[in-house]
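Listed below are the structures to be examined.
You will see two complexes here that share chain A, one where it goes with chain B and one where it goes with chain C.
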Partner chain A sequence: METIKKLIRKQSLEKLYATLSASRKVYAPVVAADKRVEYKYNPAYAEVTFEHIQSTLSVKNVVFPKVENLMYYTNNKVDSTITDIDLTKIPEVVLWGSHPCDNSAYDVLKSIFCWDIKDEFFAKRLEKLVVIGLACHQSDAYCFCTSVGLTPNSTKGSDILLSKTKSGDYIAEILTEKGNAIVTASPDLFENANNEEAVIAEVKQTFNHEQVTEKLKTAFEHPFWVANSLRCIGCGACAYVCPTCACFDIQDEAKGKEGRRYRSWDSCGFGLFTLHTSGHNPREVQSQRWRQRIMHKFSYMPDRNESLGCVGCGRCSRGCPVDMNISEQLQGLQNI
Partner chain B sequence: MSNIAAKAKELLESKAVQVVIGYEAGPTGVVRPAFITDAAKADSLIYNENCVQNLAMYLTKHEVKHIGKMGIVATLPVMRSIMMLISEQQVVPENIVVLGIAEDGKLLDIADMNVMHSHIEKSNLGNPTKDQEKLAELNKLSIEERFKFWEQEMSKCIKCYACRQSCPMCYCIRCSTDCNQPQWIPVQSNTQGNMDWHILRAMHLAGRCISCGECGRACPVNIPCHLLTMQLSDQAYNYFKVHAGTSVDMKSVMSTFEPNDKESFII
Partner chain C sequence: MCENIYKPYLMVIDQIVDETADVKTFRLKFKNQEDADKFSFKAGQFGEYSIFGEGESTFCIASAPTRKEYIECTFRKAGRVTNALANAEVGDTVGFRGPYGNTFPIEQWEGKNLLYIAGGIALPPMRCVIWNTIDLREKYKDITIVYGARSVADLVYKHELKEWEERPDIKLITTVDPGGQTPDWKGEIGFVPTVLEKAGLTSANTIAILCGPPVMIKFTMPVLKNLGFEDKDIFTTLENRMKCGFGKCGRCNVGKLFVCKDGPVFTYEEMKVLPAEY
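Our next item is the complex of A and B:
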């Protein structure tokens, strides 16, 4: 649909939140006791933050939970039964106040989960998701959305995108039918847009992703990988805070005859990720695992999924215990 | 040039070591580990109060070891980790040169492991004060309240294993969490499974943890998991009067049997 621009006053925003959270699950950012920003379901409006630069964890869990049950089973010697998960029970979720980088990540995830066979768990959760995004009016040294073809106010992935104005009201860009349904349900909360402009963060471009992708085509054996990953300790923090990392592990967990199959987040940073039963590991050292992470996002995905596997949120760099700064590494790769 | 950079340069130029593991400032100003192999680049080494990461975990990392003999910038926790790694036969003293750092930030002359041993013996080996205070606070709670505290903390865990990977004592090539026959620890991240993991980790470090706090610092969601291992360090000391990482031939309190060990727990 064609984008409609409206204005929503600060006070009306609170009313909109109240209306939405009265009838649905609203997933919104709050500041935790340790000052980290985390998303919670239906927090009190007073707790919801509009000033966060970035939450520690991404919000991919609304479509790709850290643990998702895939089926239940009973395993008797003579007959086994399988019970499917009732996908109709997946609730509608309103994602509130997530930034454009996070919202753009759903398309990236879709290019993986719905690449050939449609992953019905992911697809159902995405179908039930309504995104009320919040453009960034501030950024930090780790943000690099402008280097991966996005901006602090990209509308991609949002159903409604809010942008803060100087006076503290918000411009609402209504982008989809889902977004429009929210506006038409509370028409008195939205006014016609005036001439006031939004305050948008400045994010400096640090590398050219097309040039990086080009360089990566011949960089597989480059000494860059070992030299720049010696400090990588091989944890999964980068993958688990990432809004686009989609790898998962599938496990059966049983107690007696009854069990369930679930999938849970996995990370290419772990040695176990590629360890074969034979004991052979095709990625036996950390530099190969680090290379895989960069290659997947900036070479294999543009090649196979026609989508860059990174949205420039900077979480992996903020969350890394040893400052494996991805934007710095990509600048380095552009210049090899 | 700082004393550390000068020493690193000297070691690299004389080929006494092939790499110096120290600290540098990243592009955002954050202090991070540095691996200097070229004497001309030794200048980028820094040392200040933000240089807190325990670098000893790199002494057992394949690709770092592979470079050759290693020089390592070592504050007290790093020196203690080195002692532990030697006593557990993970590091050969001849393969490393320790650039010891005193409490006041000055470079120490650590000629050999005996010198390092005497330096460690003279130092305060208890848990850091702020952690000890937090532990005292937790220990005052009832068991139910304490359980609730940890349940709340563990519910945040995403099983990224940064705690394990950042720990110099977690050097196993195959961690028991990576085994699935049997599956000791659930792969998924749920509160119960997360607790299982953190308790298993703490138990494996009982009497081996040198109280550097690296696991807690590495945690991206700020779980104070270092308090679990520090509590056990405290208990190991109370029972056995041994501080981990003080000598090259230390016996691990949890895997050493002495005929006069108290066995009151057996009945």
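Our next item is the complex of A and C:
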């Protein structure tokens, strides 16, 4: 649909939140006791923050939960049975206040989960998701969305995108039918926009992703990978905080005869990720695993999924315990 | 209800064959006739086999698609799932998802000689295509099978090796590593590449299908190249650790390819341009 621009006053925003959270799950950012920003389901409006630069974890778990049950079973040896998961019970979720980088990640995830046969666990959750995004009016040194083809106010993935104005009200760009349904259900809360100006963060471009992708075509054997991953401890934090990392494990867990099969987030940074039963490991040292992470996001995915595997949120750099900074590394890579 | 792509078929263990001290072959039949009716696969494809409560494990379907009433898999007892599978008994229920992956292009091989080369536990992933082409015997010229294992005790499918040996339309060469022979061993003694070199084979109008441990592949490839095989006429089936089986979990990723979707069957020509992460 054609984008409609409206204005929502600060005080109306609270009413909109109240209306939405009265009838469905709203996943919104709050500042935790340790000052980290995390998303919670239906927090009190007073707790919801509009001033976060970035939450520690991405919000991908609304479509790709950390742990997701794939089935339940009873193992009776001869008469084992499976109980399927009822995906029709997946509730509608309104994602509130997530930034454009996170919202852009749904297309990336879709190119992984639905490129061939459709993963209904993911697809159903995405179908039930309504995104009320929040453009960034502030950034930090880790942000690099402008280096991966996005901006602090990219509309991609949002159903409604809110942008803060100088007076503290919000411009609402209504981008999809899902977004429009929310607006038409609360018409009194939205006014016509009158050229109000949004405050948008400045994010400096630090590298050219097309040049990086080009460089990677011939960089597989380059000493860059060893030199730049010596301090990597293989903790996998970068993958766990990443909005586009989608690699997962499948495991069984049973108590007596009753059990479940579930999938959970995994990381290509772990040595066990590729270890064969024979003991052979195709990526046996950390530099190979670091190379895989960069190659996958900036070379293999553009080639295969026609999408970069990175949205420039900077979480992997903020969260890295040994200060590996992906944006700095990609700048370096561009110049090898 | 949406389709759950992770939900396995329920299978009944119909038969168990002890191949070696730690290798077993299961014959599995579908518990529900409806599943059996709609199921079909082609040579080279694999599946995820599971024991509920322990997990899933990836093996190629070892039986031929020309034999429709069942599927078979052969596995070595090595980890949590394969140990649990090995403890299962005839009549038990296991899970099976599949078939996944690409296939051996056996239609394109019609009218050609086929040279199968396998080492150790790598015969099972080739057994399917071997039987498939034997069952369509008139479509192919000479069929030669070179199979080696560490010792006589490590040879799998002993009953079938006997059958292949007795058939006049199949040439079978079996070998065991030096020291792995028994007093009554009548086959070759030596490593697969050496035996292959001495076998007096030719690459003329021939497709080579190769599967074995990395060290065997490494030393067999030069022998095939010396015989004049072109890279596009050498096929193998790769194995990487897998979980989902359909190109989502990311584990078997090699370059931009997934072994589970773009493979497991690759020609040497295709493999050469991949990073060696398999």
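Miscellaneous remarks
Here is the rule we use: the second predicted complex is superposed on the first by the 336 of 336 C-alpha atoms of A that agree within 3 Å, B and C clash if a C-alpha of one lies under 4 Å from a C-alpha of the other, contacts with A are read in each partner's own complex, and residues count from 1 in each chain.
Here, contacts are C-beta pairs under 8 Å (C-beta built on N, C-alpha and C of every residue); 3 or more make two chains touch, one makes a residue touch a chain.
Small disclaimer: the values here were computed from a predicted structure and weren't measured.
By the document's definition of touching, neither partner reaches A:P223: not chain B, not chain C. Contacts of A:N325 after superposition on the shared chain: chain B is touched, whereas chain C is not. Here chain B and chain C are compared by how many residues of chain A each touches, and C touches more.
By the touch criterion defined above, A:A141 reaches chain B but does not reach chain C. Of the two partner chains, both chain B and chain C are touched by A:D249.
Shared-chain residue A:P91: touches no atom of chain B or chain C.
Once the two complexes are laid over each other on the shared chain, residue contacts for A:C268 go to chain C alone; chain B is not touched. Contact with chain C, but none with chain B, is seen for A:I82 once the two complexes are overlaid on the shared chain.
In the superposition on chain A, A:P187 makes contact with neither chain B nor chain C. Contact with chain B, but none with chain C, is seen for A:Q286 once the two complexes are overlaid on the shared chain.
Common to the chain B-facing and chain C-facing surfaces of chain A are residues 249, 251, 253, 275.
Those residues of chain A lying in contact with chain B across their complex are 34, 36, 56-57, 66-67, 141-142, 226, 229-231, 233-237, 239-241, 249, 251, 253, 262, 264-265, 267, 270-272, 275, 285-287, 317, 319, 321-323, 325, 328.
Residues of chain C that touch chain A in their complex: 1-8, 10, 50-56, 76, 78-79, 82, 88-89, 91-93, 95, 213-214, 239-241, 243-244, 246-251, 253-256, 261, 275-278. By the touch rule above, chain B contacts chain A in their complex via residues 26-28, 30-35, 53, 57-58, 61-64, 158-162, 164-166, 178, 183, 186-190, 217-218, 220-222. Against chain C, the residues of chain A that register as touching in their complex are 70-71, 73-82, 84-88, 112-113, 115-121, 123-124, 220, 246-254, 257, 259, 261, 263, 266, 268, 273-278, 280, 282-283, 288, 292, 295-296, 299-300, 303-304.
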